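Below, subunit A partners subunit B and then partners subunit C, in two separate complexes.
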Partner chain A sequence: MNGRIRTLRIVARSMWRRASGRYALVVMGLWLLVSAVSLVWTPYSLLATDGFDTWGSPSSSHLLGTDGVGADVLSWLMAGSRTNLVIAVLTVVVAAAFGLLLVAAMVSCNSAFSSASVVVVDALISIPTVLVALILSVPFGASAAVIVAACGFAYGLNLARILRPSALLAARSAYVESAIWSGASPIRVFFTHIMPNTLPVLSVQLSMSAGTSLLAEAGLTYLGVGVGSGVPSWGHSLTTSVRFISIYPLAVVWPGLVVTLVVIALNLFGDTLRDAIDPLTNPALREAA
Partner chain B sequence: MSDIVLRGRGIDKYFGPKKRRRQVLFSVDVDVHAGECLAVIGGSGSGKTTLTRVLLGLESADGGDIAYQGVGIADDAQRLRRQSGLVFQDPFGSLDPRWRIERSIAEPLRLHHPDWSHERVSDRVAEVLRMVELDPQGFRSHFPMDLSGGQAQRAAIARAIADRPRILLADEPMSAIDVAARIRILDSFQRIRQAEPDMALIMVSHDLGVVRHIADRIMVLHDGRVEETGTTAEVLDAPRCDYTRELIRAASL
Partner chain C sequence: MSATIRDLNISIGGRTIVGDVDMDIADGERVGLIGSSGSGKSMIAKAMMGLLPATARVGGSIEMGGRQVVDASDIDIADLRGRYVGMVFQNPAAALNPVMTVAQQVGLPLYLHYDLTSAERTERVGAMLAKVGLDEDVLPKYPHELSGGQQQRVGIATALVTSPHLIIADEPTTALDSITQRRIVDLLTSLVDGAGASMLFITHDFAVLHRATTRCYVLEHGGIVESGATADVLSSPQTGQARRLVEAARKLSLAAKETDHV
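On to the complex of A and B.
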């Protein structure tokens, strides 16, 4: 356990040394903090509206202004960060589970099945995420779960396609043959040898999936198949104000800015994590005995 | 001669799809005795690697019988797997690049002996590292990329012998290693054989210098057929067939 904590500290320190890593860690830390704080406190109640103060500019009482019904934009963005955090985390979990399951099937089955599975995965990838979400929203209605299911499905397929070559390389290596020869079970081999050797690609893909899920949330909510109308989310804040962009641009700028900053942070997080977590590229990890 | 640990009779092996299948082993007979080093030599494509992989059950035979300690390997594959070790040609390919050397060497021990304490596993890792002349203090925490080719191969050998196998298969273990490092690997094999006198070593090689240095017996393979088998002196000093003479002549060039 001490070894794992030490490894985590080295990884975090290595990420912090890079400007892009610092940016990613600070923004993601703030995101987590704001989400946690919003559970117990927001400047105003989400239900608090003021018909005499609609589309208000930033002021001391409303730091980011008010929206079309006079609700506090900052409060809605704070509460929305929680929804988006849940969507991003669940999307990553679903995409990772689905994608890794596919990769495990691809590398453990014979070459004919593996080749056929590539064709099937390629065909499924061509189905737009929006279409999957629209189909799912018919029986289940608009909800965050639909976003997670659609994104998890699409990003899981993508993950499998991208991980397959490096997973196959590891699966056909002599060290895997040795492990199997020594009696390691296929599951053990997958999680101790094959998956760790795809970790650089995996970390980048999953962080990108998290970022893309935020963009998908905004898009799907705008189309009416995302989060419900009363649920705060950054996509919801964008949707309610985007029609008035030419008159009240600030109302769109704030949620748009938050989404952009967080998506950039997630992408940079993946890049810096890839370099920091891999002993082949991070000498500090190799030196730590 | 001592007990036979591995016996193969009439081994056939084919490669390729059914319609265009190509026979690569033709009714090969082979005995491997406890404690001996049997070298399998021959040119490229002669079937050396295929024969040894089939013998240990890494690949299935298409004909013939193979028995480990008198029991067919198909009936008790688990026991043969547990009691044999593999050394491959590419030293870096046989060690997980993202695992420390200690973890790689300890893997068979942890799989075979889940009840062993951390200290016991660690002690055995140190012991085998010393056997292959790698300082445990310095090397156990290294990653493969921090080692030279020779050091990585010795670490791979340490992994293969960690659980005291009865049979060690080394498939061209020195062909990817520079000449200076080969001596240390040969010394490691000698030390291991002294420490484990009952262990049979099957070495696939095309380097007759190495074979002369380490082998007790030699089997010469040519196009999937056994040309001759005999003691090292018999085969290298008084070869009975033209192909062996050709190999010896080519090696002396």
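On to the complex of A and C.
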């Protein structure tokens, strides 16, 4: 266990050493911090509105201005960050569980099943995420759960499709054969011998899924099948202001900027994480292990 | 551990890979299985561990230490794999997991078959590495940081760490240079003899076979064409296949001797 903590520290340090990794870690750290803080404190209550101060410009009392009902934009963005955090994390968890289950089935079963599953996955991938969300929202109503289910389903399929070649490569390798000769069970072989060798692909794909889930949240909320009205989220902030973009462009800039910066951070996070966790590309991991 | 193979037949997709093979390995004996590529050597080794592909059809009998392996369930022969039978692979660079350290690699069979604390495991892994001539400082290293010879030493340590009763070595020296080949073969034989284990040594190289085994079987197109003491087969091969392999070994060892002087 001690070794694992040390490995984690080396990985974090290697990421920090690169500018892109530092950006990703700082933005994601801020995201976590703001989400936590927003639970107990925001500059204004979300329900505090001021009919005489709508579409207010940034000022000392409202740092990012006010929206169409005179609510504080910063407070809504802060509160929205926790909704988006939950959506991103759950999407990654669902996509990883679903995707890895599919990959495990693909590499463990016979070749006929494996090739058939590619066709099925390809067919399912062609269903747009939006359509899945729209269908789900009919019985369940618009909610964050619908976004997570739709994104988890779609990104899980994507993950399976992208992970399959590297998982197959590992599954047919001599080191997996060696592990089987040593008496390792199929489940053990998958999780400790095949999966770790797909980590570069897995880490990039999952962090991209987290980023894409934010974009999906914004899109689906705009279509009315995302988070329910009154629930703070970045997509919600965008939706309420985007109709007035030609009159009050600044109101759209703030949520748009937050989403953009965080999505970039998530993509860079995956990128630098991939380089940092692979002993082949990260010499620090070898020296200190 | 002794192994007795009778009338072994293996076919995949209607094509016979191995036909009517009889083999015996006595306790503590080092036996060779020699044949050119594609003669079915590795298939016999896989059949002995019940690890043939699902599409393979197996007939005949394989007894390992008095237990029938053919048609046995995975659970029945689970302790054969890695516990009573150790396997040394052909290409050590490929047979070691690129993201596992030497310590994890060698410790895996111990972890799977013994109930040890991690300190006890590390101690036994360290002792095993010392036996194959590696220092403790390779423990945290990854396979790509080791030389080919070191990698195969790790492979041997992995196979022998559980003190198995039978070692199956599938072309363990093919991927190594001739000087390293000799060292690895000598290491393997001395460790096997020291442990009182048996060994099945699979190769296509008579020069290596002569050093590693006392008795051998010559395999051609999935059938045994000749068997006997390795020295006898090497000095007076009876069949065409054996003669060709001996001829090839002479040329190779001649070439090796020349390079020794360089």
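Operating definition for what follows: the second predicted complex is superposed on the first by the 288 of 289 C-alpha atoms of A that agree within 3 Å, B and C clash if a C-alpha of one lies under 4 Å from a C-alpha of the other, contacts with A are read in each partner's own complex, and residues count from 1 in each chain.
The criterion applied here is as follows: a residue touches a chain if its C-beta (ideal position, glycine included) is under 8 Å from a C-beta of that chain, and two chains touch if they have at least 3 such contacts.
Note that the structure is predicted; figures quoted are calculated from it, not measured.
Student: On subunit A, do subunit B and subunit C fit together or clash when superposed?
Tutor: They clash: once the shared chain is superposed, the two partners overlap in space.
Student: Once the shared chain is lined up, is A:68 touching subunit B (first), subunit C (second), both, or neither of them?
Tutor: neither
Student: First (subunit B), second (subunit C), both or neither: which does A:279 touch?
Tutor: It touches subunit B and subunit C both.
Student: Contacts for A:43 in the overlay, against subunit B (first) and subunit C (second): which applies, first, second, both or neither?
Tutor: neither
Student: Give one of first, second, both or neither to describe whether A:173 is in contact with subunit B, with subunit C, with both, or with none.
Tutor: In the superposition, A:173 contacts both subunit B and subunit C.
Student: Identify the partner contact of A:196: answer first if only subunit B is touched, second if only subunit C is, both if each is, neither if none is.
Tutor: Both partners, subunit B and subunit C.
Student: Considering only the touch criterion stated at the top, classify A:183 as touching first (subunit B), second (subunit C), both, or neither.
Tutor: Touch partners of A:183: subunit B and subunit C.
Student: Between subunit B and subunit C, which residues of subunit A are contacted by each of them?
Tutor: In subunit A, residues 173-175, 177-179, 181-184, 193, 196-197, 199, 278-280, 286, 289 are touched by subunit B and also by subunit C.
Student: Give the list of subunit A residues in touch with subunit B in this complex.
Tutor: Of all residues in subunit A, those touching subunit B are 173-175, 177-179, 181-184, 193, 196-197, 199, 278-280, 286, 289.
Student: For the complex, which residues does subunit C have touching subunit A?
Tutor: For this pair, the touching residues of subunit C are 49, 51, 54-55, 78-79, 81-83, 87, 89-91, 94-101, 108-109, 112-113, 140-142, 144-145, 155, 158.
Student: Report the residues of subunit B in contact with subunit A in the complex, numbered from low to high.
Tutor: The touching residues are 58, 78, 81-82, 84, 86, 88, 90, 93-99, 104, 107-108, 111-112, 141-143, 145-146, 159-160, 163.
Student: Can you name the residues of subunit A that touch subunit C in the complex?
Tutor: 110, 173-184, 188, 193, 196-197, 199, 278-280, 286, 289
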